[in-house]
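Read the structure below first, then the notes.
A, B, C and D label the chains in the order they appear, each numbered from 1.
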Amino acid sequence: MRFLTAGESHGPGLTTIIEGVPAHLTLSQTDINDELKRRQGGYGRGRRMKIEKDLVEIMSGVRHGKTTGAPIALTVTNDDFVHWAKVMGIDALHAEDEKQVRNKTISRPRPGHADLNGAIKYNHRDMRNVLERSSARETTMRVAAGSVAKKLLKSLDITVGVHVLNIGGVEAEADYENVHDLIERAEASDVRCVDSAAGEKMKVAIDEAKKNGDSIGGIVQVVVEGVPIGLGSHVHYDRKLDGKLAGAVMSINAFKGVEVGIGFEAANLPGSQVHDEIAWDEEQGYHRKSNRLGGFEGGMTNGMPLKINGVMKPIPTLYKPLQSVDIESKEAFSASIERSDSCAVPAAAVVCENVIAFELADAIVDMFGHDRFDRIQEAIAHHRAEARNF
Amino acid sequence: MRFLTAGESHGPGLTTIIEGVPAHLTLSQTDINDELKRRQGGYGRGRRMKIEKDLVEIMSGVRHGKTTGAPIALTVTNDDFVHWAKVMGIDALHAEDEKQVRNKTISRPRPGHADLNGAIKYNHRDMRNVLERSSARETTMRVAAGSVAKKLLKSLDITVGVHVLNIGGVEAEADYENVHDLIERAEASDVRCVDSAAGEKMKVAIDEAKKNGDSIGGIVQVVVEGVPIGLGSHVHYDRKLDGKLAGAVMSINAFKGVEVGIGFEAANLPGSQVHDEIAWDEEQGYHRKSNRLGGFEGGMTNGMPLKINGVMKPIPTLYKPLQSVDIESKEAFSASIERSDSCAVPAAAVVCENVIAFELADAIVDMFGHDRFDRIQEAIAHHRAEARNF
Amino acid sequence: MRFLTAGESHGPGLTTIIEGVPAHLTLSQTDINDELKRRQGGYGRGRRMKIEKDLVEIMSGVRHGKTTGAPIALTVTNDDFVHWAKVMGIDALHAEDEKQVRNKTISRPRPGHADLNGAIKYNHRDMRNVLERSSARETTMRVAAGSVAKKLLKSLDITVGVHVLNIGGVEAEADYENVHDLIERAEASDVRCVDSAAGEKMKVAIDEAKKNGDSIGGIVQVVVEGVPIGLGSHVHYDRKLDGKLAGAVMSINAFKGVEVGIGFEAANLPGSQVHDEIAWDEEQGYHRKSNRLGGFEGGMTNGMPLKINGVMKPIPTLYKPLQSVDIESKEAFSASIERSDSCAVPAAAVVCENVIAFELADAIVDMFGHDRFDRIQEAIAHHRAEARNF
Amino acid sequence: MRFLTAGESHGPGLTTIIEGVPAHLTLSQTDINDELKRRQGGYGRGRRMKIEKDLVEIMSGVRHGKTTGAPIALTVTNDDFVHWAKVMGIDALHAEDEKQVRNKTISRPRPGHADLNGAIKYNHRDMRNVLERSSARETTMRVAAGSVAKKLLKSLDITVGVHVLNIGGVEAEADYENVHDLIERAEASDVRCVDSAAGEKMKVAIDEAKKNGDSIGGIVQVVVEGVPIGLGSHVHYDRKLDGKLAGAVMSINAFKGVEVGIGFEAANLPGSQVHDEIAWDEEQGYHRKSNRLGGFEGGMTNGMPLKINGVMKPIPTLYKPLQSVDIESKEAFSASIERSDSCAVPAAAVVCENVIAFELADAIVDMFGHDRFDRIQEAIAHHRAEARNF
């Protein structure tokens, strides 16, 4: 499975093509739109999330509610484009529109954004040419692609959930029975937090940040249960699944770190308190007595729940301005204010969940076949039974 | 640039082929062997590091001390193979050797290793078929490939260094003037630590772990200076350089987390204390007043020093045994003792540095051309001048 | 540069995303639509070409007539979809529509199509799930992607043309002064043939085939002038440009062979009559006294015009039926008649031209940089000057 | 499955790493060496083939006669290197060796070789830096990689053979009962020709060419029987198997064309004489009444024998000189004579067979799984049964 995304924040729309999805997977627009909606929610979001209501259209690869094996194209129309038709127009500018467009030219790079680096790399003096693409709006299509993957995983009894562990320094207890409980509780929370007391404090922190014209980030944790043993591989470094997941998470806008299991805490503990003892019984087959390694050993899944944490920095678009430099005048200024969220962690959690879902689904089809979903189901059932008594 | 590695821990030898190295780069076996030697040092290493002295042989792609543009094959002979010729033999077993080999059959998976997952995935009842490849010995060739990349970077005045921030909970001050100072001080330390007081405590911690039959991990930090602006790209998620680096670091044996800049600390700070203000002056061109984002914005380098942290868990081969299960009898046992290091963090730092060097060099040739080193030099000089006055 | 395509013949529409196009290339919808129109013309096309008039919409990656470096999404709406909304519907079928859809179920594979193989591979008992995607309609998006590449090449003074050498056994003289003359003459011909006498005979052959309820194929030749020396590489087999072009051409629907230069004729001639002697003078620099190798030596371009031939088999959808088997009854039948063209060679020539253009543009950005078109222009000018006096 | 090759014609040796070979495939050095030996035989080969006797050493990925799933490294030592240790030395040149090396400097490009294009691309004034890599000696490792693939195919009852259809204009009858008969008869022939009368005439043509100081090429045909239905895919152009095979064949040194089935002849025939009628009976399942399309429809295999032709131009290293230009003096000269073969078609047939075997094996593991050979066997048996009664 592979996918490409396209689209600018204020352009005509967003597009993705997902190639390599097995045939015979049940899939509807609702499956995808439900995920997109989750991405748009969350306490602390700004005005735009209320303006745009992302609805995907399936353009190909699905017929009568089932995938056919052909590439799946998805589009989301930017309703807002009508107001940007000149500024973001595809066609060469007419003389009479130049002034309007010039007013929207951006020569002032925002700290913490792609603006300046992208401008220098691609030689764009109007940094709008960078920021329209580097915008977090692109994650809409990563979620769309991930939602197809999530449907595949779900149909194989692999359940992916996400919750928020930390917002602006407020830490939550990761207290839940299993991933289903986690999902129920996290999705019921405005801040996607299973710990309701902490959740309330997080909202206070978000309000506080907003009041200060500031923004805050946080830590999200993706949990996956029902994962078969042996996804990924130890034989070549670029086939290690934890490596692929780390790459996917770090490539999400504003993410600055990723860890599996206890992650950075492993630096502080002796090996005897880090590794998970191995046990076997007839019912469960092989399992671990603890899960400090987060479900990965040797670049492969070990059958325990996956636990992957990602950290999101505070959103860089600030009401409280930072110093920057105008590239035309080379003069310092206080960074411009764009409408913005004061905290996007609950939404970013959904993005994180979906990019991980995509990599997992890819690892599944890599191991169990990518042509036919019916054969994948058989193969995975066979593998699970065999692994139990290996 | 791409590379494949091959080789088992006790097999005949290790091999890598690196494809896509530009022509006209000065390169010698010494350049590579110096890196391999660094990987073998460090306080807390076990016996094997003293047995094997890795020396690479360049088999192709280099002539009269210069790369030609053709693929570079590197081999390291395992001197130890003579003692393993039967057990690790390529040819079908002779009846008379079966007993000797059977004695070396491994049916007892070690916690924290690829053993059990790999056995189930590939259907190996002798887990030696897994662990010989999943062994950290493979990182020899990742260092070898990285050393070629480091030479390329060095020849472009891009300097890569690494130091140890934490071993077993002992934290160091990251106090150094610049990357050259960092390198000098880290390389002078047995534990690759720039903070000599902390370094002494780390050695005590290692001795302690060893005495307890335990092992400890730690955190390493790679620092890169002289990086041109705009490596990587914001235009597509899988071209973001921080994502690629995260994937590379997480795929190193025993690494469980990776972060750039302040990383996970970003969850606890307001945006105004996370983002780096932008400044410009004629001498330095564009720069940041701080470097909390570790040199990356929008998936691209911003010209500030790169700072990437990786965490290594304690080595899982323990003198202090953990419970596991024999796959033949399904009976519990205390995990077998293999000769081992009690702490491999100073060596793993070298691996981390080199895998990052490879990704950076790849990003360089991606942006500035991969055919001829002379043209890369020109292009990068031109780009640096242009970026300064952009 | 890479691209994915999606879309079914009678589905809602066709989509492509092209990733890696350099910034600052002038590009308009007209550039693309002009190529699409060429694909729809040609003597011998059936009714559908008159129904559908393909018009592309640029959804992203282009602003004010210039590429930005971001992925370019292109869509073509299938106007015909209104008549197929039930049969090709995305959503699960309503009971009341089942009969209508069942009437369009295809259980009879056509010889020479993907129908049966695809049905077995993907387990589709309704072979419409195969043929909607395997249809030549998909080539619309390959042409769309190629047209962006052609614009890039044109802007670098690299000219791509195509003409028809053979239709149904009628052979043309490849008589033209240069590629510009070739283009002018071929595009003025109904059958895209530079030899007007042969062109007339080709039309007669097409009429004859139609009258007989049969179809005919032919040979097309792509010619490229202005190609810099050294595209591709000899260093690794999968970087040889002639290999890549051959793969691209053979992957066009109905193409069964590909050759460069004199191609298969090289089997019948001694080496002294096959290889092209090398000459040099100040004006032209290095050149060949003949061009029997079609512009390729050692997997690289040598500066001479590229000549690549592809053979298209007759269209397999026949009015004159062939025997096949119904997969439900396993009974023999005479293959069903679908509306069709009796000869699609003039249109396929356009497809061939465009897939080659894409590979060439990719080789260009691979060698001269893929970020900025302005830098590519400089680099290629520098290279041409240097090569002349090498 | 993927592989990289490395090595120069007169360097220390040749290397390949093959990654992604399933575990549990029986494999020995003899399997590989037998193929290498076939590549070195054939009527019309020059002196070098008698000097070098290529023997491969398996360095990893195989244990006790079975693959383990880990990367397989193969090396071939160039015995001849002792005579080239200075000229092709890895280390920087010592002053005292400079004269010896300078005498071997090549400033005179040979027509039909990579020499001049590679020199300009990589800026090598000593074209030895090009020709040592562009040499057909590299195909040794493509055969080595292919031989592993051939073993996999053979173990799945897929049989690959090759024979020579044309040498220097002498055409053979492709008269054989099945691929086993083909192999027996072709391998018994000095020119790998199943038509013994034509084979004698080919030898005469080779002798003649040699006498004239000239060289001749020819056409080879690879035939594969036992191929399951549905390898490749129609869903995306770059997954079409005929396209991949064409790319692989065209990338062999000196190959100028490739066709499947009747190939270019399809231009001359009406559709009713090109397409293969479909039939079904209980014993054979689905099959075609003829095989003019060479086993491919819609980019997938259809279960009929694969037939792929490749054309090799005459070897460009000529005793009968061609005009060229010295790059230092820019003066014309008659191209230098290197020891050479007058006809390498019988050997090139082996290369062609092996590159196709690799692509086929890759398509097999892509469709049936790449981890475990035992599971591939089961999956393919299941698929064959299901396809028969689909």
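Basically, a contact is a pair of C-beta atoms (placed from the backbone, for glycine too) under 8 Å apart; a residue touches a chain by one contact, two chains touch by 3 or more.
Bear in mind the structure is a predicted one, so any value in this text is a computation, not a measurement.
**Student:** Suppose chain centres are the mean of their C-alpha atoms. Which chain sits farthest from chain B?
**Tutor:** Looking at centroid distances, C is the chain farthest away.
**Student:** State the pair with the higher C-beta contact count; candidates are B-C and B-D.
**Tutor:** Looking at B-C and B-D side by side, B-D shows more C-beta contacts.
**Student:** From the mean C-alpha coordinate of chain B to that of chain D, what's the distance rounded to whole Å?
**Tutor:** 37
**Student:** Distance between chain A and chain B based on Cα centroids, please, to the nearest Å.
**Tutor:** One centre to the other, that is 27 Å.
**Student:** How many angstrom lie between the centres of chain B and chain C, each centre taken as the mean Cα position?
**Tutor:** Inter-chain centre distance comes to 44 Å.
**Student:** Would you give the residues of chain C that are in contact with at least 2 other chains, written as numbers and ranges?
**Tutor:** If we look for residues of chain C contacting two or more partner chains, we find 4-5, 19, 69-71, 121-122, 133, 230, 233, 235-236, 367, 371.
**Student:** Could you pull out which chain A residues touch chain B in their complex?
**Tutor:** The contact residues of chain A facing chain B are 4-5, 109, 111-121, 130, 133-134, 138, 142, 166-169, 209, 212, 214-219, 229-230, 233-238, 240, 242-252, 256-264, 266-272, 274-280, 286, 288-289, 293-294, 297-302, 311-316, 318, 320, 322-325, 327, 330, 332, 367, 386-387, 390.
**Student:** Which residues of chain C touch chain A once you look at their complex with the stated criterion?
**Tutor:** Result: residues 2-8, 11-17, 19, 23-24, 28-29, 57-65, 68-73, 75, 88-93, 101, 121-124, 129, 132-133, 371-372, 374 of chain C touch chain A.
**Student:** Which of the residues in chain D come into contact with chain A in the complex?
**Tutor:** For chain D paired with chain A, touching residues are 19, 69-71, 230, 233, 235-236, 367-369, 371, 379.
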